[in-house]
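I have a structure here, written as structure tokens, and I will follow up with some questions on it.
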Amino acid sequence: MSLKNIYRQKRFGILVISIWILVAILAPILAHSPNESNYFLPPLIPYGEQTIDYKNAQSVSPFETQNVNSLYRRHWLGTDELGRDVLAQLIHGSNTALLVGFCSILIASFIGIFFGLIAAFFGDHQWKITRGKLLSSLLSVILLFTFLLSIVPWTIEGVNTSEKAILTVVFIIFTLLFFYISNFLMKRYRSRIFQQNILIPLDSILSRLIESMEALPLILLLIAFSSLISPSISSLILMISLVAWSGIAKFTRAEVLRLKSSNYIENAKSLGYGDFRTMIKHILPNALPTLSVSIAFAISSAIMLESTLSFLGLGLQASDASWGALMASARNDYSSWWLAVFPGIAIFLVVYSCNSIADFISKDDHSGYSKRT
Amino acid sequence: MQSNQRSFTHLFRALLLMLIFINLIACIPESQDDKSNLLNKIIMREAADAKSLHPLTVRDAVGFKVALFMYQSLVNIDYESQSLVGVVAKGEPQIDSLPKQIYKLTYQLRPEAQFDNGRQIEAADILFSLKYYLAPFTFNRDNRDYYQFIDSVKINKNNSTAISFYTHQLNSRTKFISGDFFILPYESFDPNRILSNYSISDLKQLVKTDSLPNLLQLEQHTDSSIKNASIQDLKGSGPYSLLNWEKGKRIQLEKKSNWWASNLNEQSVYFQNKANQLQIEIIPDETTALSALKSGDIDVLQGLSPKNYEKLQSDSSRFLTYEMEKRGYQYIGFNMNHPILQEKELRKAIAYICPLKIIVDQVYYGKASISSVPYVSATTSNEDQYAHNLQKAKNLLESIDWKDVDNDGLLEKEINGELVELELEFLYNTSNDSRAAIGMILKQEAKKVGIKINVQSVEWSIYLERLRNGNTTLFYYGAQTAPLPPDFSSLFHSKSAFGGRNFAQYQSIQADSLIAIINKNISVDKRDKIVKAFYGLIQDELPYYFMLTPYELIATSKKVKGLRIYSDRPYYWASELYK
Amino acid sequence: MLLYFIKRLFLFIPTLFIITLFVFALLQFSGGDPALNALERSYQESYDISNDARKIRAYRKSNNLDLPTFYFSVQRLSSCDTLYRFPFAAERSRAEALAYATGDWSLIARLDDEIKKRLNREQSDTKASHLLMEILTAKSITQIEASFAQLSLTERNDGLDELVNELNCNHWRIKNYIPTIRFHGISNQYHLWLTEILNGNFGNSYIDRLPVSIKIKEALPITLIISLCALLIALCIAIPLGIYAAYYQNGWLDKICSQLFFTFYALPTFWVATLLVVFFGAGDFLEWFPVYGIGNPPEEANLLEKFKIYSAHLALPIFCYLYGGLAYLFRHIRRSTLEELKQDYITSAMAKGLSIHAILWRHSFKKSSFPLITILGSALPALISGSFVIEYIFSIDGMGLLMLEAFFSRDYPMILSLLLLGAVLTLFGMWLADLLYSFADPRVEIDDSKKYHKG
């Protein structure tokens, strides 16, 4: 009985997610204004997400009589304050939610899992590199940062993008050359000093880095970011991934620390498996179930964060449709329930599906305890 | 079985606790509703706290509003007649022209004017107040700049109710601003009478107080009084005294029992004090404020958005609503340094694209008036010169060679050898829904003629910086103006272009010379003629497309009587209200 | 073990140092000018157009904003070395653009000096002065040359034409690609700020010139009360429900709680807060709770009445604060209790005849509360940062509003102090959480140095 439930949940979850992705990809075709774009198929909803219907502005309810010519042009879910169709905004908003929720957390997970894994696995006392390599890599990183931050003219007016791109590429190549040449030189001359191994306390450094990232408030990072890059979907994705990776890294690190002391890992070590192989083939798959729950939570938080950012004014532009923006506009206008209920249902469904899939992956013991005795 | 029972009992215990808790809360003592009726107290809502109530540093809107009830100045503008009315002074100053381009402004004080302690306000007090405003404190720089046009002050020893200011800069605004500083009692602000040792010219010449120990002491005393927000030091001659100031929560003012002007028969707002207590509650969110009005926690709600105003208007059994056109302007600005916007035909085309009537009806619910000039007066015409007309826009664009070369729906043109697409950015500040709506409407209409507009919002600090930096294309901005003679220099003069408030970077020698003439102290008729010519120039060159001014919308509970709504800040006078 | 934690305590100082450096850098990048914000906040219009520039310069000088940011800066060899002295962002971007375009700032500096000298000699409002102003505000070499070409011949001589011609002489502009370190010495913003902090002076807020410490002291108590109450109530609700839901897995309690808390989680705070205010506070529907604020009890009220008034006002904000976190806590407790219940010692305890309550609370809760420690540790900075949304909607002046207002008006002293406070609490919270965790669960090896010592 209970197992069936989980499978039912998982199937429902996968269904919702696939509908979501499908709608997001097909959004421009599903809902666009027929006289503005030239797709060969007539749209399902004859309104784009920015099409303003002057005759139905000021939040028309889905149930009252609307000032439209035909049933095809009816606003099935009502309109918002400006006169934009809510259904069209929901469809195009799934695009935004997919990008902002999914992609940003995907990027954040890659970064976070990587750092958490190596921090916990290598700990403070395992990673050794030669002094020479340490010196040359530090120097080349400093050189790269100096070049990229101070010499490449990012913010200067009147410099075209090709010049910036060429300079960046040239400097990256220059830094790589420097790295290899310095390595080579250190191997040839005074090799004994430079070949000594040093212990790098990787765990401490990464933990301090993660702590510092957590210590910075989200709003400061968002404000700084939004003034460097004008707010848009891609800048929001970048921001959220830069902020979310530290939480995922902390979780991964805790999980891997717990798993590291289990028997099969020690067996793998004694068998002589290399570090990376142990990490990726043995630890990671066992850490993923617990991680998937926190990743699912992170995806949900990212989508909710977007609506809070719209409320604060740091979110997407007015011309980008998103569920969060609809809910934020619904706040002032609480009598227009359709502005909040439909995006709310959409957000709820997506969040619920992510979490039920994560539940399924996490391999909960579904047989229950109280039935056992 | 036993375990199930136990869990149920635990659950029920928890639920019971929660119910008790809620009951405790729900039986709160009855609110201040009844109390405010008894006391004839008017409760108003403001969205932000006053930053300072000290006369030297009061700057923001809320602080100024409260300060107008606490302190008085020599003269002030009467909101109904738009002319000067004497508050502490009897009336307008008498302006005499002396040789060598020196002007003398003489004020006659009201003999009945007194401070709280019964002491009559004399010319010496006016002199002290002016010295206080000119004192060389580090935080006093703005006041010193503002009043630096006063060269010297003379008091007649035989006549303590007259005072004369001497200045060599006389322009159309001088008589308005020479008497608008607050008159302060030295007992509260300079008890040791340190400033009496210095003359006006001494104070104007000093840059800092470091070298003079007693001035430094006064500066420190004033600074700490500002920083501690100590209420007892803030005394003036106005109708109300400051009872209580809980920072971030509320400000309470109480009517003075024996105020000197209560027997005066003047009808000007500056002599009213009908309510016994005035209370300002600080509620940042408008929806919460609306709920507070409905539950009776506040009496007066101003600055409503049109949609909420309509909701309250329809509930006329409980609320009274007032609306009035504000004095100010809102415009779409064009950055004249932008390569695309340099031709005035393009700017006019964008003005023709903008559907003002639709914007007023939809975005402002009709609660805005179309005004095509920044300073409206009786003689200026108020019609929209560029009424919505897509065909005219298309003709204008064609006349300056914008054509759709590649048939993608977007116009292109060759500028400096490159094929440039007609793509513009519309900038506004975040969290402003009406400006976002205007941008979206403009975007949709522009698409119909082949212009692509990117609606972009940035946060307030970046918005200010980009406006001043000239890093804009199209931008939306608005401001309130004062009921003074018009001053076009900040908007249109070339000196305000780079880094000033001339955000359009408009530089025209003709405009500069017209502005110089308008600012002189000429008669009202002459000025109106020149202003008309100036407006003709502006509307042809169109550095800004002035669109509309929204209405001020106020709603009060039915118990509040006597509210009159005006076009200028503070839009209504709480001292006129009573229950 | 203890040594490891003491070592970490000592690492606080360099970590804090690096965080402050990073925050300073971030503030520089954020753009926005506090002087401009202060100017906009003032109320008076005046005729004197040059007032704006003068006011901004004076403001920057009195707040030390016209000093360089750090002890040294890494720049291009061709860039302007006194960029921090320009009050307007427009002037700064012009300086940068022209320095890059010509390959040498000194050319532009000399040109500007010459033009300023001429402007002082000229009368204002002539064509020549307009053109000279245009050169002074031009952002590219072509604009300079265009304005220069319009000058009459008499105005062009005396070295001005040589200076303008020199602008184009650098073809390769090598100086653009060579980095250089410029040292600014001790008089820089960071050093001044650091010395003030070490003396205990946190500066005055730019918004209303009040001392930062006083503003924080006034806003902190109410935020702490709301967060602590919300945390306690959330724990009281989530822990018992989580434990019993795990015991009766897939029973009605489990299902209802999971779904309910999940639904709560999916509702955004600002929306729920507004709905609560409208439905439970305003006059249209129910008037159970007060609408806004934290209450204004009269002076004479006794403690019970004060408590009643405050709790009535704070009930809705506290609820908004806690309902979102319930899902997270509930899930964690449930999961860890499930894990614990699978262990053998539970079965042996049951066999011994212990009641299920004793088992759940006395044995399994102790073990399953470990994740709670980590959660509480990371919740420490959130306690003082409050929630801006709740404070805005319920009109409570706490730390959330303070922080947001500081960020949006670029109130540097306040931002830096708040960040320092937050950073200290975060580091301390993590340290404390790790310490308690290691005491609670001796199996976890946080410090594994002993393992790798070569014997």
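Letters are used for the chains, namely A, B and C, taken in the order the chains are written, and counting of residues starts over at 1 for each.
Note that a contact is a pair of C-beta atoms (placed from the backbone, for glycine too) under 8 Å apart; a residue touches a chain by one contact, two chains touch by 3 or more.
Given the structure is predicted, the values throughout are model-derived calculations rather than measurements.
Asker: Going by the average position of its CA atoms, which chain sits the greatest distance from chain B?
Answerer: Farthest by centroid: A.
Asker: Pick the pair with more C-beta contacts: B-C or A-C?
Answerer: Answer by contact count: B-C.
Asker: Name the most central chain, where centre means the mean of Cα atoms.
Answerer: Centre-most chain by C-alpha means: C.
Asker: Measure off the straight-line distance from the CA centroid of chain A to the CA centroid of chain B, and report it in whole Å.
Answerer: That pair's centroid distance is 43 Å.
Asker: Once you find the CA centre of chain B and the CA centre of chain C, what distance in Å lies between them?
Answerer: One centre to the other, that is 30 Å.
Asker: Using mean CA coordinates as chain centres, what's the chain A-chain C distance in Å?
Answerer: 21
Asker: By residue number and range, which residues of chain C touch two or more other chains?
Answerer: 31-32, 93, 247-248, 274, 278, 408
Asker: Out of chain B, which residues touch more than one other chain, so two or more?
Answerer: In chain B, the residues touching two or more other chains are 287, 459, 461-462.
Asker: By residue number and range, which residues of chain A touch two or more other chains?
Answerer: If we look for residues of chain A contacting two or more partner chains, we find 223, 227, 312, 331, 334.
Asker: Under the stated contact criterion, what part of chain C meets chain B in this complex?
Answerer: Spelled out, the residues of chain C in touch with chain B are 31-33, 36-37, 40-55, 58, 62, 88-91, 93, 125, 127, 130, 133-134, 137, 204, 207-211, 214, 218-219, 237, 240, 244, 247-248, 253, 274, 277-278, 281-284, 287-294, 296, 305, 308-309, 311-312, 315, 355-357, 392-395, 397, 401, 408-410.
Asker: Of all residues in chain B, which touch chain A in the complex?
Answerer: So the residues of chain B in touch with chain A come to 286-287, 305, 307, 311, 358, 362, 365, 430-431, 433, 436-437, 439-441, 443-444, 447, 454-459, 461-462.
Asker: Mind pulling up the chain B residues that touch chain C in the complex?
Answerer: Chain B residues touching chain C: 2-3, 6-7, 10-11, 14, 22, 24-29, 31-32, 49, 51-52, 57, 59-61, 64, 138-139, 141-142, 145-146, 171, 173, 177, 226-227, 229, 247-250, 281-285, 287-292, 294-297, 459-462, 464-465, 468-471, 481-482, 484, 487, 489-490, 493-501, 507, 509, 512-513, 516, 519.
Asker: Considering only the defined contacts, which chain A positions touch chain C in the complex?
Answerer: Within the complex, chain A touches chain C at residues 2, 5, 123-126, 146-147, 149-151, 153, 155-159, 167, 204, 208, 211-212, 214-217, 219-221, 223-224, 227-228, 254, 257-258, 261, 293, 297, 300, 304, 307-308, 311-312, 324, 327-328, 330-331, 334, 340, 344, 347-348, 351-352, 355, 364-366, 368-370, 373.
Asker: Quick one: which bits of chain A touch chain B in the complex? Just the residue numbers, please.
Answerer: For chain A paired with chain B, touching residues are 36, 50-52, 54, 57-58, 81-83, 223, 226-227, 230-231, 312-314, 317-319, 329, 331-335.
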